[in-house]
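In what follows, a structure is listed as structure tokens, so that the remarks can point back to it.
Order of writing sets the chain letters: A, B, C and D. Residues in each chain are counted from 1.
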């Protein structure tokens, strides 16, 4: 085990997969010489050269499409889009092409491409550089969706994503890149579709991913001090979703809080809630509470930016209300 | 002067597309085929001329008007017609249909229902071959309407910046559905767009199969000996409406007559007889082989079964 | 009142709004001389000329962007995208521009644009021409979302959408255009954000919109014959959503079935379910059942196409199971 | 020979942008400004030359590097700096910030965080003026990197097909972040892309404010007397990194030196003194007015309050 930053863990995943598989290559804006805006791809150019570490023009739709084409033609591209907000430029290639090619060819063709990007509010980046758009990808059959919260998960899941035969949206969070954590040495993968119980508890289940997982763990710690035992489940991959681990926790705690950074309306939290109420209706002691971003674009002003996405206090008080109001 | 064998093959393929489309349109009218069906009638010389210059290592990507490309690239007619009928032994097991036929085993990476979307995909295939140092090119078939979709310039520029072995064949049939090209762009010589990106570009007669063939060979040479990409604008015309249900009344009569007089199938037939000295009956022999083959394929497709719902549910399990 | 087809009702709405407001204009592919692929814009060119009825090249992102710009500059454009699948090409202009401009300018600017498009499965149009993508728009703050099921609603809602100061996604259904229904004469609008109880009942609430509303009404009729009294609520506009009308019905019937054509995972139905369980938890006698499209692209084969979206029988059996299993 | 008044105005505006950026970068380093900040230093002549030719009826759309356009178009500096500081009397009440400043009252339809996205929006404004028969043009500022984004060709083609009074000003500073233009396109004369679409196109020295001004006037004439659109590629260079936190070490020293020697602010200053006979102290008078004004605006912005969360929640009620 070694302590690594999230971005280093991602870098190691790329490095190892590129070493072990010649068909893996990466492309994106400023990822070669410059090592990427978030330093995930540093030093890869040196080892693999400009044929496999490719800087692109500002042509998102086309270089993503080129990723799709290269994948169909037998390569394993890892395409980087700087901000998930810019994925709005590549939706045709993701939704109509990558996600559907395997299906439309009756299984004859495949698109083993990974689309790396990052989302979430940062530090005053405003409405076009702060969105959490995962619910959109979640709704598109044929795409997998991975959102790691820790360096260890980041590495293991990125390696699994690269080896997967399907297009995978790999969604990082801009506030996580410098986070540190222990990462196993050498080659390991974390299978897509396996949730991780990041903390065990018995009174309430918090379901959260990406940066909200970190915030939920911090909230859970404070709640423990208040005598509330919180279980924190990190789905890690939203597609495929590990329903079983979630339902098991719900059956145990009978109280659920889902925390998502994305806006409330039409977020993934709603879907998870709809599944829980359908499949564990009789276990629920109280309505499922969704703590989510407000229904608004993200404001530039830093103080306002804070109120549009869930903070630790919001999570704490949601749990308190839920457990308090309904606890006998 | 081309050899008898070569021209016979060319003629056979041209005619196969012609008969295929004609017969499948009948199947459409009889209710056997559903959804959109965009016939390639009148444009056959482009697919045939281009694919005659390709090898099995090369890739193609196709358009919504893709039957011709698929056939010229060597597809199996049984599987094609079965696919149009939504049958289980179709190229896509009946899940894709006309707009999504692909034959990945032969490097045909698929038709596309989104106008222009195949261009970046073709660029990606070319990128793959360049990274692997394959001795191959990728041809993307595209259309005049697609040239107005952002990915056209964007992807061609990408291919140029990266010196890719990529050949963009623009089938300029001068209409996008009912909109004549001059209404959607001021400069109707689309070839200039390639030049403006530093791309070697040709504007040719898309109804002359030999011109298409020669230009494609030159494009391949450029890709391999100098550097790609290459743009080929092949000017042509549809013989009818945009799709089966469009009578195409907006097409100008003089234009249509002109292009009818340059029919690519007739052109090759005439070459066989006038230039290579085949007699009528030798040519009719080819005709009947082609007709028979398509008849058989229709037969096959009609009798072929459909994917069961059980198989389907299994197939989609992991989506 | 007059009997009109859905497409005629839409045509009348455009005609009347263009007559009464010079700033209204329409653009799209083949909408002028040809009258549009679904005949919604027939004859408008004749009356308003080519300055206000504009045929576009196949340049979806840019002509939509031109709509956004024209709207910001004081016009009221109605932009048509032939198939909602092609909206994947215009997502940047919708999500990052149109939806956010009012917000990003602190309220100083506005984008009174209507984006008309149509979705849903038709008749073997396959994976790239059959999608139901409304959940994507639903999740974007700043966009309104309208999905009329009847000719009357279509006309009144389109007129309201045109008069609205915000960007509105107006999503039609390809199977509805030839449906007929009574339409009030002359000028009327239907306010955005008002659900319509299309049929009253007491045992179970079905929530459905667009073509699924029609299918649900047919199912409800058969269910009545079996002695099950069904209330059918048509939200008509998903954003804004008329929560009150929905919750009122739920409080009455205590059983809910939501029917959506879009795929199950991450659909709008999940969000509505999440709201109901949060706000009417104690009224629910059974889990909310979501009858939805399967998690798959739409197949070309017609028999398979049928099984991927809810049919009348699916709705009927969902209601039967729900009411049967949980009824005392 | 330009008049004293005109050149004085031009110089004052050039300098205002220069001082604005310089002072705001200090505020950024002091933590008063957050998020992305892309300085316009070195490129001032383009915004100033273009806007000097515009009237209040005209529209502009801007880029991520938009402060210069905003100032040249006549924006209020108090509101601009307040916006950069996220304050409530900023142009966007503090909700937009640097990348989203707009001043719709003056026809500035906004900066944009998405490279290229302002182009179709500008085309739309031009379309609006054409439908209404306004006596106006729309200028869209854009960048060399944006030329590789699909909407560049797509939207320019649209404007050409529709004969719109639209002027696309491409600020070619030869880099997109750290990527030199020759790596992202084979043909670095972007002006050719306009020509290939049948668009009247000019390639000019973007550091020469008079050349920019004259070309813009000619472009306006073309839009009004012949037909638009017009493309102006103005070649220039940044004086530093891509954004405040980028030291720009990849910029080639000779290039940078060359463009530093063609500094647009110095150029206008020299013109005032050498050609129009102002003396140093008259110019310094202008300098001190400009400095004072920006000092005052900073003062204003610092003291200005922020939107309260209550006001904010009310503002977003209908989203």
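Here is the rule we use: contacts are C-beta pairs under 8 Å (C-beta built on N, C-alpha and C of every residue); 3 or more make two chains touch, one makes a residue touch a chain.
Here the structure is a predicted model, which is why all the values come from computation and not from measurement.
K.L.:
Where the centre means the average of the CA atoms, what chain is farthest from chain B?
P.N.:
Most distant chain from chain B: D.
K.L.:
Which of the two pairs, A-B or B-C, is linked by more C-beta contacts?
P.N.:
Comparing A-B with B-C, the pair joined by more C-beta contacts is A-B.
K.L.:
Approximately how many whole Å separate the CA-defined centres of chain A and chain B?
P.N.:
Roughly 40 Å separates the two chain centres.
K.L.:
Just the number, please: Cα centre separation of chain B and chain D in whole Å.
P.N.:
Averaging C-alpha atoms per chain gives centres 45 Å apart.
K.L.:
Using the average of all C-alpha atoms in each chain as its centre, how far is it in Å between chain A and chain C?
P.N.:
The mean C-alpha positions of chain A and chain C differ by 30 Å.
K.L.:
Averaged over CA atoms, how far is the centre of chain B from the centre of chain C? Could you give it in whole Å?
P.N.:
37
K.L.:
Which chain C residues touch at least two other chains?
P.N.:
Touching at least two other chains: 56-57, 59, 61-62, 85-86, 89, 92, 96, 103-104, 126-128, 141-142, 295-297, 299.
K.L.:
For chain D, give me the residues that contact two or more of the other chains.
P.N.:
In chain D, 92, 94-96, 100, 112-114, 148-151, 154, 157-158, 161, 183-185, 316, 319 touch at least two other chains.
K.L.:
So what shape is it, when you link every pair of chains that touch: line, ring, star, complete or other?
P.N.:
Chain contacts: complete, every pair touches.
K.L.:
Flag every residue of chain A that touches chain C in the complex, lowest number first.
P.N.:
Those residues of chain A that touch chain C are 85-86, 88-89, 91-92, 94-96, 99-100, 103-104, 126-128, 131, 135-136, 138-139, 141-142, 239, 262-263, 265-271, 273-275, 277-279, 281, 286-290, 295-297, 299.
K.L.:
Note which residues of chain D are touching chain A in the complex, please.
P.N.:
Answer in residue numbers: 34-36, 86-87, 92, 94-97, 99-100, 112-116, 145-146, 148-150, 176-179, 183-185, 250, 306-307, 309, 312-313, 316, 319.
K.L.:
Quick check: in the complex, which residue numbers of chain B touch chain D?
P.N.:
148-154, 157-158, 160-161, 183-187, 192-193, 195-199
K.L.:
Can you check the complex and tell me which residues of chain D touch chain C?
P.N.:
Residue list for chain D touching chain C: 59, 61, 90-96, 100, 102, 104-105, 109-110, 112-114, 117, 119-132, 138, 150-151, 154-155, 157-158, 161-162, 315-316, 318-319.
K.L.:
Could you list, by residue number, the parts of chain C that touch chain D in their complex?
P.N.:
Counting only chain C, the residues touching chain D are 25, 51-52, 54, 56-57, 59, 61-75, 77, 92-93, 96-97, 101, 103-109, 141-142, 166, 240.
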